[in-house]
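The structure's right below; bear with me while I get my questions together.
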Amino acid sequence: MVGPTASLTPLSRADGSASYQCPSTGSNILGSVNAPIELPGRRDALRPEDATVEVFVKPGTAPGGVGERYVEGIIKNMLTKLILGREKGYARRGVVITLAIVGGESVGRGDSYLTLLPALLHTALLALLSASVPLSMTFSATVLAVDASGKITREPSPKEAATATSLHVFAFSSNGHLLLSESQGPFEFKTWENVHQRALAICHGTLARSSDGDVAMAEDVDGQPLEGALREVVEDKIHLDYAWKIDAP
Amino acid sequence: MVSPLILLPGDEIPSEYLPSTNSAPLRLGAGLRLLSQPSSNPSTPPSHVISATQSALLSTDTKRNAVSLLSTPNRRYIPTPGDLVIAQIHHSSPDYFHCMVTPQAPQAMLGQLSFEGATKKTRPMLKQGDLVYARVLSIGLGAGAEVELTCVNPATGRAEPGGLGPLTGGMVFDVSTGLAARLIKASSSSAEQQDGVAGLVVLDELGKKLEKAGGFEIAVGRNGKVWVDCANGGDSAIKATVAIGRCLSTIDEHELSPTDQRKLVTRILREMKIES
Amino acid sequence: MNKEAPLSIAERDFILNALREDVRLDGREADQFRPLNVSFGEEYGHVKIQLGKTSLIVRISSEVTKPHDDRPFDGIFTIALELTAMGSPAWENGRQGDLESYVSNVLDRVIRHSNALDTESLCVLKGVSCWSIRADVHITDYDGNLIDAACIGIMAGLQHFRRPDAVVKDGQVIVYGVDERVPVALNITHKPLSITFHTFDEGKRVILDATRKEEQASEADVLIGLNNAGDVCYISKFSGFPVDAMVFVNKSSVALEKVKEINNIIDKALQADLTKRAKTALVEESRAANDR
């Protein structure tokens, strides 16, 4: 399993940015965060003590539509819970997250965004970290497809996703709690338990995995847990930025 | 010396990284927060942990008994009391100048009389687009609070330290907030060091090389702005200013060692045809 | 908002005074472009343009659709540009500003109205089906000269793009997959690009490829769109101070030189990408042969 590749702060104008590429789904997302900024209009009236989070998803080769607005809602709901909008300088200000799909197959009009959702979430997280927006925790997410025979495919390609019976997206916080579960298609509760276990293993590795005989196998298939892969990207960038301090005698 | 520690949001600071030498209260910098963990046994008091809210390098100061975070250098500036900033006048009202500290952020207020020796008659007449070197006085409390700036030290009534007040002439360059913080650190410490302070030798090197050309004045704002003026530079004033700006933006984009910074200064001055 | 923060008086004055001494903030000559890098992605028609600190991504896509009723022999070509908060914190998501409509308009005129892409060749079956080609421009970093950079991106993308082959059999349109038949390049009639000049000091100083700060400090802009042969397809002085007519005459020769230079850079990047693709295709072929 080839892990994702990502980079922090590839852009110069936005306050924070990240690019993220997932080889198995073929998605390539560029994300930017501007925060804290003044939002025009009176969008802050409802919760004056808190920051307003705005998410904008820009499809790669088509005009935006309902599919984008729907996935924006999912991302916004999840991130609003993680962003500490009451920290200094953030009350009544906006956190504007822009995600552009710059590579990979486009989602057709009205089709589901579930296959792209983990990549979008990871890009948004990395861009938020790049902009130093205060967060209570980090997370990692994955998407699994279940086909008619019950076989689970991790991060399916668009073709695999089209033939799957059900699709499941999970996000886990850095301490292993389930943050998000979005499913699509018919499935049984037992199937959900299976994919949930597998997703937890993909995101957090063996420690969180149940101790049955399949453990060693699964580890080989899934490689490095996503949580660790994302952490490495951030640590490498901070190390580079502060090389003058860390490497100083 | 413990190895450098890089934190992500939600990470707890291990206790061995916290300064524990004296009994003074521990000072937490921005981006850190104290969380209490209720213990399982109700009779013992809850334990406390310090966790990060940003991805950053942990920096500890045992002398001041403080821990703080050095977060991403490209981040947007958030006003903090005591910071030096370069603000741009947007408009003026009877009591205040309304200033821009960061674009796309609410304006900050600078009192018409918050200048050294200013009275109703002698206050500076600043117009839209003028620049001031100011200190953040307060950021207010609660929602809708306004940031207030000042160009005098409230204790002494003088424009010191830092030479606060209107900036006339010269040029402003935009740098990252991380580089601005390093420049302030480097220019405020008097100790002459071979490798510079905060890994920067560029200002010292430019100072030496441009001495013959009349030297330059510089003011660094934490909001990522650097004002440079070569008023005594004569014919080469503009070229010298541009050279300083190019050196700063190159260092901002590429991490350069002290040796490479010296080479950069020499190369750019040669390109700009300035004798050193 | 949708507006960049205004420059300070110091910046405005300094940029002008420096230009009077023929000095630009990044050390460039008045008639010098910033370093230009054109690179292609894995998919056909995926281009990344880096012009100094301005960067953008263009994606070309195609689909079979019904032609417009009034032009049954023509295919459809659209340029979609949307400024998002990614390019500059001053731009607001989902709200069209003046700059966006202005840039879209100029791109339409330079590339679409000059018929750089031959839309007649996109017709599949008269009045029934045709190809619709769409160019999506994603501005990722804005530091001035959006129009020239976007033109370079779209033109490079159109030349790089390959659409699936389609034929008409017994009145039925059959579209072949990319793996079934070699995809087809688009029919490009000429390669127009735009070159934007900005004037200072009552029109006495003229520079090209201005950065964001130079654009803000300038008095007026002059835009010339032309192709390698020197045919002018667009010329405009959109706003600001009056400009001497001689500026247009003198600067069109500079513009022609730059257009040739940039088209050369695009050609080289295209060639390099084609060679790379041919090599990987060869490797895959031999691997497939080995497997057999």
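Letters A, B and C name the chains as they come in the text, with residue numbers starting at 1 for each one.
One rule holds in what follows: a residue touches a chain if its C-beta (ideal position, glycine included) is under 8 Å from a C-beta of that chain, and two chains touch if they have at least 3 such contacts.
These are the chains along with the protein names UniProt gives them: A = Exosome complex subunit Rrp46; B = K Homology domain-containing protein; C = Exosome complex component RRP45.
Quick caveat, the model's predicted, so the values are computed rather than measured.
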Minimal step count in the chain contact network, subunit A to subunit B: 1
Of B-C and A-C, pair with higher C-beta contact tally: A-C
Whole-Å gap between the CA centroids of subunit A and subunit C: 31
Intercentroid distance (Cα basis), subunit C paired with subunit B, Å: 39
Subunit B residues counted as touching two or more neighbouring chains: 104
Sequence positions of subunit A contacting 2 or more other chains: 12, 15, 34, 37-38
Numbers and ranges of subunit C residues touching at least 2 other chains: 1, 89
Residue ranges of subunit C touching subunit A (in the complex, touch as defined): 1, 41-43, 46, 53, 55, 57, 59-61, 80, 82, 84-89, 92-94, 134, 136, 138, 140-143
For the subunit A and subunit B complex, residues of the former touching the latter: 8-9, 12, 15-16, 34-38, 48-49, 82, 84, 87-89, 91-93, 129-138, 173-175, 231, 234-235, 237-246, 248-249
Residue ranges of subunit A in contact with subunit C within the complex: 11-15, 17, 28, 30-32, 34, 37-38, 40, 54, 56, 58, 60-63, 96, 98, 100, 102-103, 106
Subunit B residues touching subunit C - in the complex, by the definition given at the top: 88, 100, 103-104, 127-131, 167-172, 227, 238-239, 241-242, 245-246, 268, 271-272
Residue numbers on subunit B that touch subunit A, as the complex places them: 4, 6, 8-11, 30-31, 53-57, 59, 70-76, 78-80, 104-106, 139, 142-144, 178, 182, 195, 198-200, 255
